[in-house]
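You will see chain A twice below: alongside chain B first, and alongside chain C after that.
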Partner chain A sequence: MATRTADPHTTGGKFTWRERLFTTLQKRGAIAVLILVVAVSALAFDNFLTAQNLQNIVLQGAFLGLIVVGMTFVIISGGIDLSVGSLLALGGVLAALTVPVFWPLALILPPLFCGLIGFGNGLLIAKAKMAPFIVTLAGLLGIRGLALAFAGERPIGIDGGSPFAWFGQGQIFGVAVPIIVVLVAFAVGGLVLARTSYGRVIFAIGGNEESARLMGLPVDRTKIIAYTTSGALAGLAGALLAARLSAGDPNGGLAWELDAISAVVVGGTLLTGGAGSISGSLAGVLLLSILQNLINQVGTLGSYAQQLVSGFFLIVVVVAQAYLTRRQRV
Partner chain B sequence: MARGAAADKSFDVSTATSWVRGRGVYVAFVVLVIFNLIVTPNFASVVTLSTLLITVSPIILVSLGVALAIGTEGIDLSVGSVMALASAFLPLYLGYGWPVAVLVVLLVGALAGLVNGSLVAFVGVQPIIATLALLVGGRGLAQIFAGGQSLPITDPTVLWLGQGRLFGIPAPVILAAAAVLVVGFLVNRTTFGRYVVAVGGNRSASFLSGHPVRRTLLAVYVISALLAALAGIVATARLGASDPSNIGLLIELSAITAVVVGGTPLSGGRVKIMGTVMGALLIQLITNTFIANDLPFTWAQVLTAAIILVAVYLQKGRGTA
Partner chain C sequence: MEQQAPVLEVRRVTKRFPGVLALDDISFELRPGEVHALVGENGAGKSTLIKVITGVYRPDEGQILFQGEEVSFSEPRESQEAGISTIYQEVNLIPLLSVAQNVFLGREPRGRLGLIDRDRMNREADEILKRYGIRADVTAPLRSLGLGVQQMVAIARAISVDARAVIMDEPTSSLEAREVETLFGVIRQLRQEGVGVIYVSHRLDELYEICDRVTVLRDGRVAHTGELAELSRLQLIAHMLGRELADVQKEGATGFGEEHETAEEPVLQAQGLTQHPRLREVSLTVHPGEVVGLAGLLGAGRSETAKAIFGAEPVDSGSLKVGGEEVKMGSPAAAIKAGIAFLPEDRKSEGIIPDLSVKENIVAAALPRLARAGLVSEKAQDELVEEFMQSLGIKASSPDQPVRELSGGNQQKVLLARWLCMNPKVLILDEPTRGIDVGAKAEIQKLVDDLAVKGLGVILISSELDEMTEGSDRVVALRDGAVVGLLSEDEITEGNLMELLAHGEDSGNGAKENGRDADG
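Up next is the complex of A and B:
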């Protein structure tokens, strides 16, 4: 990826230490920043490094994290999925509607139905060759409408006594269930992306779709699977969030697609596709949740400040990325 | 519609299809108007028409800027937040008189556009991410400046911009029409318009031809933000109070929909001003039709989504983004 430069100060053929530093920073920057932020926060706030607070931070990011796993695949393939926030709402509504019927269905139906919608997105993008931005933008609007229509435009309560609530509120060995689910999702996602041929094809498509096609790689199928996974994970996140809040809210997940994209981009995945990592995305999600946690700890800052800080943070990261990737390509 | 034409053998199918492709938004609008004339009571009245035009005015203002950005193969997601910034700043400087307040608001808008434009043109950040940052951060900034509250507007001149009339025509409609004429002139009759289309068609080729690519991109985002600031003034004046948490919320989606349904491809290289205006009118008319007939509003969203998909599917022969 990084091309050799004709820098007169170096012997040709080797990467200079600066190039190596820049490349590492671009790829692993999020993790470095994450460690730095945790260290500074631990010094600045006494109750930052308590087990309870750390669990809160991770739990806050868990539902977004599920979405981010799917989004990472989609973005590395050179696409984008704007429909995930609405799919999360639809997943929550479907879960709340099915709990009274037969509660295990509330875990299966949302990912299945949302996965089916993701499959539809994938078909339109891969087979009908429509722009991912527009297809999933239509999804963002239409699916939100569906969620509102199904729910009768108000949140639907879930009986707290139902075993279903455990999947949002329960714990295994003191760790909240959604955290375990999202960690499994990140682990599986990371393995698939780095160690399987499917992951290789995703990178190939994002790098150059036409070349991938000419090499005989299954471009269409790979893209359709990516959007289907993204939809299914958003539906699952909606179901788990509904279990946690004991309600399926058709207005939930508003603008979450933007948070998910921010997390992925902050994590070092290029929006142009072809480069990125799941571990970076995990760091991106955690950074966003820590940011929110810190603003809550300071207490005097409102939710406005959080938006401002998130926006500013995003700018800093993308400007740094633009600078670093330009350095590599000189 | 295309299928109806295909069924009629005496018709030249490909000509009919391409005709509909180019003018799908007009056809859809006419169909919806006829539907309303038959179904909606009191549809053919001045009040209905003026309500439609007033509510669509801010969307048209914003859509024009987004159309320019999309024409350069970019996008501007920050328009809603720039409207919120305008709304927050407007009451703050009204004490110095309305010209100062309006000027400050437009300056804030231009500054927001400069930030977007610099990131896109000089730093090389992708437009979707550059403007996403302002979408997220801009509204927060607006709420901080407004102190998280809604301030009333009492200045009669400013209020006129949202509520007044000239020769019976509502002021927002006049402003929107003027903006359509100016931007339409810029796009179709000036070198700047040629540059916009050239940059969107092929940025490298445009650069190698010696076009001022960066300056053009910068100007496009500044114009877009200025139009959004103007839309923010109109919306605030219409409400009679600043409301940074709600003004312009999600309007970027309506604007992108209007632009794309109106026939401007996301891949850039083409800007359709009248198509954009019709696209904005179409989506507003869908909303109004559902409200007027007491239909569940949520299905209007589903219908809008379906219309976007059909419109883009019909256009896709002209290259994908």
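Up next is the complex of A and C:
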């Protein structure tokens, strides 16, 4: 008794400034870097801050962004979804195939069908207790095969005159439609994650699944919904990308699952689950997208530069996260 | 109160796990407005019973009635919604979420558009916590609080829903004395409101202070149930350990021989081991050729003492000497180098490597010593392994047989051989015969005896009274993390030992707020 001086009824003592720094770095680092990069680029390149260029940047990240919203949910819950790249391809192919039949169906069928596959992933993970990595890795392989089979291994063109093309190429008040869709997705996702019971349960599961179960939270249902959402958003992204490119490409979205994971992690979401934010993920996507844009502007650099810089960001963020998770276990 | 219908009733419940009958025809009643103690030693079935009640497990046979109706919960969520709140021994909250979020997880106050009303949530969480004497920033992440406060938050969460039955599994194991008082205040309030409370603890003082009735479980059966006040401490312990008070003097059932000749100079001296809040000022000495028993009920600090000596757990203070030389605390490497060997309680997770062969398991720890310029001669290894397989009587088809295929007793011998390869001076055995069949048990007991005869100092931890009394030359009795008594030679009888565990005076510095449990 004599050895303990700390009053157990007070709090906050263990939260050192170092931990605070790392926490802030991990949570808000992406946004800070984003602002910094934008500021520097605005000074360095005359045509960086033009409306057209900014729109390009956001549009470039829009399709990946839809996937990232779902991925954020899945990763915070402590899981991973590797099937989204293939689901995006499948969504595009399904859209291209249904446009000639009845074009509104091309907007509904891809998210529905891909959501159903996500639901299957979720069932296997939550109910059959299989590892998310393996289940969705199987999805990554199998769904790609399905997309290739549906498309006959070739991209399928979409008639540019179809009203469907507007969802990829059209504008509302000068803003590209996919941008509006992705912004809505981020807004809704952020609200759900931060301000609904469902969102808090996602965090609880990622923080400690066993505790969440013992606290009486609906663990299985929550996980299944997360994977279903991830699948549906990937399908929707595929449909919109097909509308933009006027083609459904079964080879589209290759390795996008990895880009999505990078964006989420760079955005400050713990890869081990339990902490993260949608706003961070948005910053992560924009950061990746701006890097690409800058490298295009410089012109003399190859695509290796973007990969190099993304890799560097990722490692910095992951080191901060590793430090944090270690602290948490102590 | 006597005539009221029980709020919770367990009727003839049986639960089997592969190879184990965890609950054997258990019946149990919780009346409204009573605090019902549930006690029993390790493996008695307390945790299983709680998990069956809360829906983590399903009973194989029998019924559970809640407020007079038969229920069948398939998830903890369902029992919670029905009105059974549970506080688990380990804090079961989410460390990264804020205190308020933890209190309200799954039932957050809603505002406009059905979104969470954060201000209201924080305000209400603050009010709830204040009611239980907790002052904490409710917006801070839970992990920034001390363990005791975290446990109080868990308790606040569980009680702030309208429960008719509250189950507390070792709620005080991480609480300070003052927090325990607050908790008891809360429990008394619950009793007045007619809530039934199941209270699991090993601290006799607490049980007698707060509980009305008691149910003792042993080996998956109900050993006793009745008013607590009518039961003396000694009787309670006798029920827990499965001894009739009349025949605790009976002896001669184990493989141990007579007392040993011991040398003058101690081989091991541990002085004032303190690890807040589990150990207080624990001191013990072991002479060469002596078996020192560490006795105590579950949670008394036996395993913690062993781990502190071996350096597997850091200590706040205390010193250790082996053969007169000071040994650095908190470092197993230093302890091993000084000549301490430790066979942990849980040999599956802390000892054997199941898929490796008998040979590989035996030489695993000795390899660095056997190596010459980084190379290990196969011949030297084979000789060593051969020697120990013979001297310990390890029954395996060959040295290359995977250890997982051996019986429990032989696995234990393989572990013993691994440590003996290191030529230890002191051997610490934590429950060496648990889960081992009777024949192998006697063999291991004889081995321990032989090793002591050869001059090894042995520290023996065992929950089995006869093993403790017949195996030890001296017994150090622990209670709530402090030494409460010593017995030597002829004084070592089951009767004396139980008397010590029930009433022994605390020789530590007097505080009464510890004794953390090591296992569920």
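Rule of thumb we're sticking to: the second predicted complex is superposed on the first by the 299 of 330 C-alpha atoms of A that agree within 3 Å, B and C clash if a C-alpha of one lies under 4 Å from a C-alpha of the other, contacts with A are read in each partner's own complex, and residues count from 1 in each chain.
In this text, a contact is a pair of C-beta atoms (placed from the backbone, for glycine too) under 8 Å apart; a residue touches a chain by one contact, two chains touch by 3 or more.
A quick note: this is a predicted structure, and the numbers were derived from the prediction, not measured.
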Message: Applying the document's definition of touch, where does A:272 land relative to chain B and chain C: first, second, both, or neither?
response: first
Task: Go through the superposed model and pick first if A:310 touches only chain B, second if only chain C, both, or neither.
output: first
- request: Once the structures are superposed on A, label A:218 by its partner contacts, choosing first (chain B), second (chain C), both or neither.
  value: second
Field: chain A: partner with more touched residues, chain B or chain C
entry: B
Query: A:203 contacts which: chain B (first), chain C (second), both, neither?
result: second
Message: Which partner chains sit in contact with A:318 here, chain B, chain C, both or neither? Use first/second/both/neither.
response: first
Task: Name the residues of chain A shared by its contacts with chain B and its contacts with chain C.
output: none
Message: Per the contact definition, I'd like the list of chain A residues that touch chain C in the complex.
response: 1-4, 6, 8-12, 14-15, 191, 195-197, 200-201, 203-204, 207-208, 210-218, 274-275, 328
Message: Under the definition above, what is the set of chain A residues touching chain B in their complex?
response: 80, 124, 128-131, 133-135, 137-146, 148-149, 153, 258, 261-262, 265, 271-272, 302-312, 314-315, 318-319, 322-323, 326
Message: Quick check: in the complex, which residue numbers of chain B touch chain A?
response: 75, 119, 123-126, 128-130, 132-141, 143-144, 148, 253, 256-257, 260, 266-267, 296, 298-302, 304-306, 308-309, 312-313, 316, 320-321
- prompt: Which positions of chain C touch chain A when the two form their complex?
  reply: 56, 75-81, 86, 88, 92-97, 101, 105-108, 114-116, 118, 133-137, 140-141, 143-146, 148-149, 157, 176-179, 274, 276, 316-317, 509, 511, 513
